[in-house]
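In the two complexes below, chain A is the common chain; its partner is chain B in one and chain C in the other.
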Partner chain A sequence: MPVVLVIWMVVWPIISAIVRTIWRPDASGAYGFNLDTYIFFFTDRYSLDNLSLTLWTTGICAILLLVICLPIALYLRFSAGRLPAYVQGLAIFPMFVPSIILSYAFIRVLGPNGMVDLILNAAGLPKIRTPYLTPWGPVIGLVWDNIPLTVLILLAGLGAVTNQSVEAARDVGAGPIRVFWDIILPRLGNSILVALSFTVLGLFSAFTLPYVLGPAAPEMMGPFMQRTFRDLYDPLNATTQAVIAFGFCLVFGLFYVRSVAKNRTP
Partner chain B sequence: MARTLAATRIDWVGVAFAVVLTIVIVFPLLVVGTWAFAEVWRFPALIPQQFGLRFWNQTLARADVWEALRTSLSLSVMVTFLSALICLPAAYAFARLKFPGRDILFFSFLVGHAFPKFGLLVAIAAIFLQLNLIGTFWGVVLIQLVGTLLFMIWIPVAAFQSVDRRMEEAARDVGAKPLRVFWSITLPQAGPTIAAAVLLSFVGTFYETEGAWLIGAPAVRTMPVLMISFINNQMVIQYGAVLSVILWVPSFVALLFARRVIGGGAFARGFGG
Partner chain C sequence: MKRRDFMIAAGTAAGALMIPRIAFGAEGVIDWYTSSDQNVMDFWTNVVKPKFEAANPGITINLVDGGDNAGLQAIAERALAAMQTKSDPQADFFEGFDARQPVGAIDAGLWTDISAAGLSNYSRINPLALDIPQNMPYRGSQVLLAYDTTKLDPANAPKTWADLIAWIKANPGQFIYNRPNKGGSGGNFVRRAIYEANGNDPTKFQVDNFTAEAGEAALTPAWDILKDLAPSLFDGGAYTSGNTQSIQLLGQSAVTMIPAWSDQALSAIAQGVLPETTGLVQLSDLGFPGGFTRLTIPTNATNHALSLKLADFVLSEEIQSAVLTELGGFPGVSWDYVSPELRERFKDVIPASIPVFPGGDWEKAINDGWYRTVAPNVDPNA
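And then the complex of A and B:
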């Protein structure tokens, strides 16, 4: 029963989406191989802008997430006590804040006349140029939203690094950077890639945050698909966009499945 | 020597992380909380000029809020119930029984997670369009069910696998029937983790925005969909703030319950970490 449901709700829509966007009736009604919607997507300036904005956001978010989460995960791995427990609690906390509430909080804090403006104003400083409705809005929101998962995945990966190996390296005189580079990083590579896959998959399908916080044009793939589908009543082009998003995520998706398969083989 | 020094030294790195994370993560939510109880808060003031519950009364007096709350709750209950009905037996089968094609089936669940979800939703929506499920309650139920499937399979599978097989065998040796073994031995051990999975899928459905927006709007309005329209079109800031505080309650409950599951590491492993 669940298998039937999965096939009907996951596998079938994907196959149907691919088939229906390349094998469909032309103007005369005869079915045939037809790549028009894809040609349209890849020649349309606006569609390409949306795609490149999505790729740009994905890249920036992935880098920021690694830069932020790796130190947190390293710190949590190699310390114990109440303070690290508090840090871990905070790092996981955003998982329990729905993105819609986050969007609202973002506008109230960083939006025009938001809390940051109030504090800067009280300190006699000029207002910030608000990231609300610019490409940086979704970046900040999405990074915030993705911290918990990235930290958890990296932390699980760091579990594979034994204390003995780190101490052994220290005993022969290796500095912290050396330990990180030669002992920790090689074991962590897989987890970093899994975290990266998650970020890419999550960002290509992000909808709420870019929709509420991002600029109206160009927009990210999520809002773009939604608008094409609902506002322009154009399911064909929306599906084409979805298939293109699938294509870009395919590598990361396959990697994710392979990695879970390796870890999980019962 | 070095070890005792390290132990007594103040953990400055930890303090720095704690302070920065507190500012970045807790502060924005505090601002929203303050807005919910502010009656007057004009620009240059750091704190609201007047506190009060006026906007709580106004928000709670709105018919659309109650309508959305009712829709959200009935959707979440229905989706969680169906998901548990479908997934828990499957999870037990995956964890215990050996049958041909088991691995392939298991990874077919994963595939759903390996595609960008919103693209998948659009592909499903295109099919629903032909089935006339757009804008209906059951359309939203079906699309939200997809989101919970993976969750409700992964965590329970881990729970069933961690049950001590020797205890089950011991019970069987003293003559317990399979159902009795399941009820008295397996379920109590796997129960708390499964309860957490059910709770997480309930909360996840409650906050699910994309599917509800794509399939349901404007006929089916859930709380998050209402919240989007408040953010986009509502001039009174406090409505959104009050709604945020109300919306956050289920999440807080989930936070308290889910700590053990997530802290246990089974959760991260479930995601392939």
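And then the complex of A and C:
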């Protein structure tokens, strides 16, 4: 049953999208192999700018997520008591906030004359240069939104690191950095890869946050596809954009599949 | 209660809740869907529905809020699929929709050509509002300027396009409009610039006179006006992604002036989203364009004849006057068909003409051209 569902709702639409963009009627109505929309995309400055902004946002978000979530996950793994429970609750919290609510809250807090500006002003400091409507708006929003998933995956990976191994390393005089680098990181590599491929897949198709918080142009692929489809009444080019986005996601998907496969083999 | 019993009970309850949803469209019950906001839903609930039902005993309107355009599109797609399988679409009437959606629906014959449906009031419709015959306009509203009177004295508020441009340039960072495809306030600001670049003559733009060359000739000078304006906008050329976000920025005092829909600005002031000190002004050389909200009726509707009757009813003087008085919108019919005292009462508030920019290919060209030409002025790394 799940296999049928996957074929019906995932595999079939992909094949149909690819086929419909490369095998379609020309002006005279005869069906034939046609790569025009792809050539247009890859020669069109505007489309390429959108693609590179998406890649840039995805890359920056992935790095920031790792930098933020790894320390949180390490802290949660190696400490006990009440405080870590609160920290964990706080780290998981963004999962329960719909992104549209997050977007408007973001405008209220980090937007022009928002809460941050009011606090800075009260302290006699100058206003911030607001990230709202710049590429950094979606970056901040997306990082916040993706923290729970990344923390959870990393935390699961850290479960593979036994307390004994860490204690053994400490007994022979290893410092915290040495323990992290030689004991924890080798066991965690796989989880980091999984976490990254998961978040990258989510970031690539992000819509609400880039749409509400990002600049008008260049736009990320999500809003770009939606606009091409709905406002330009151009399903063909929208499908082409989707296939191209899918191609990039496929690469990260393969990373994930490979790492799962590697784990299975003893 | 055991877990298993609970699951069964919960499942039964959930199933019972779903029954009305899978019921077939009933004779005499018009299944009506809207993409509009709550104020429009209230208008239909409190004004149109009781009046129509009183005039047509035994007929009821089932008012359903479809959420937004995407919600109605899903229902329209269901109607299109039902047409192919010759089953019941369970939808009779769409308020605030565009028959161009879903793609291919017109060719498939999903939407009724209302101009040929023999409505007695059809000839009353304001000719400027007509789009394609499958879309029936019935109410409109217009964009105007909303500004902060604590920062700008109403006496100095711009009254012409030239004044507005001069004001924006003299006050850099104090004006923002939204992306033209993400809400009509920015969309019609852009269209006003297009009029300005083409001798302020709205008759030059018709739904059927778009060609690639005409588009190029008419739009390029307008893009130049807007590009020239960009550095003086908020944040050196930022554009909000919707009407609401513009109002939010004005409410946060981040900007001094925005273009806004008349009805949306009035309700924002009434709800306190915008302060009492918000001023509204319309340009007097040529007003900002307005837009009309349209109805569509699927040809395979169970209550097709009744839906047409309702569409005709909505164009009557009674409802069209209520659009003005109850909804704060503009009538979809020509002004001659609104009661004389209302015409008198609103004559100062409403300009003699609402420029209406056509949709269709012009809209496509504007949406694409603006994004490619005007928007990239924003330096992504700034």
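Going forward, the second predicted complex is superposed on the first by the 250 of 266 C-alpha atoms of A that agree within 3 Å, B and C clash if a C-alpha of one lies under 4 Å from a C-alpha of the other, contacts with A are read in each partner's own complex, and residues count from 1 in each chain.
Note that in this section a residue touches a chain if its C-beta (ideal position, glycine included) is under 8 Å from a C-beta of that chain, and two chains touch if they have at least 3 such contacts.
Since we're looking at a predicted model, the values are computed, not measured.
Q: Following superposition onto chain A, is the placement of chain B relative to chain C best described as a clash or a fit?
A: Here chain B and chain C cannot both sit on chain A without a clash.
Q: So, does A:A17 touch the first partner chain B, the second partner chain C, both, or neither?
A: A:A17: touches chain B, not chain C.
Q: Just chain B (first), just chain C (second), both, or neither: which does A:L196 touch?
A: A:L196 contacts neither chain B nor chain C.
Q: What is the contact status of A:I107 with respect to chain B (first) and chain C (second): first, second, both, or neither?
A: After superposition on chain A, A:I107 lies in contact with both partners, chain B and chain C.
Q: Applying the touch criterion given at the start, work out whether A:V139 contacts chain B, chain C, both or neither, answering first, second, both or neither.
A: neither
Q: For A:Y211, select first, second, both or neither according to whether it touches chain B, chain C, the two together, or no partner.
A: The answer is both, since A:Y211 touches chain B and chain C.
Q: Counting only touches as set out at the top, which of chain B and chain C does A:P235 meet: first, second, both, neither?
A: both
Q: With the two structures laid over each other on chain A, which partner does A:L188 touch: chain B (first), chain C (second), both, or neither?
A: It touches nothing on chain B or chain C.
Q: So which chain C segment collides with chain B once the two are superposed: 19-27, 55-63, 73-81 or 307-315?
A: Among 19-27, 55-63, 73-81 or 307-315, the clash with chain B belongs to 73-81.
Q: Enumerate the residues of chain A that count as touching chain B in its complex and touching chain C in the other.
A: 104, 107-108, 113-114, 211-212, 235
Q: Along chain C, where are the residues that touch chain A in the complex?
A: Chain C residues touching chain A: 100, 103, 179, 181, 234-235, 238-242, 245, 248-249, 252-255, 363-364, 367-368, 371-372, 375-376, 378, 380-382.
Q: Where on chain A is chain C touching in the complex?
A: 46, 49, 53, 104, 107-108, 111-114, 130, 132-135, 211-212, 214-219, 227, 231-233, 235
Q: Sort out for me which residues of chain B touch chain A in the complex.
A: Chain B residues touching chain A: 11, 13-15, 17-18, 21-22, 24-29, 31-32, 35, 43-46, 86-87, 90, 103, 105, 107-127, 129, 142-143, 145-146, 149, 153, 161, 207, 209-210, 213-214, 217, 224, 227-228, 231-232, 237, 240-241, 244, 247-248, 251-252, 254-255, 258, 262, 265, 267-269, 271-273.
Q: So in the complex, the part of chain A that touches chain B is made up of which residues?
A: 1-3, 5-7, 9-14, 16-17, 20, 71-72, 75, 79, 81, 83-84, 86-87, 90-109, 113-115, 118-119, 121-122, 144, 149, 152-157, 159, 191, 194-195, 198, 201-202, 204-208, 211-212, 221-222, 225-226, 229-230, 235, 238-239, 241-243, 245-246, 249, 252-254, 256-257, 259-261, 263-266
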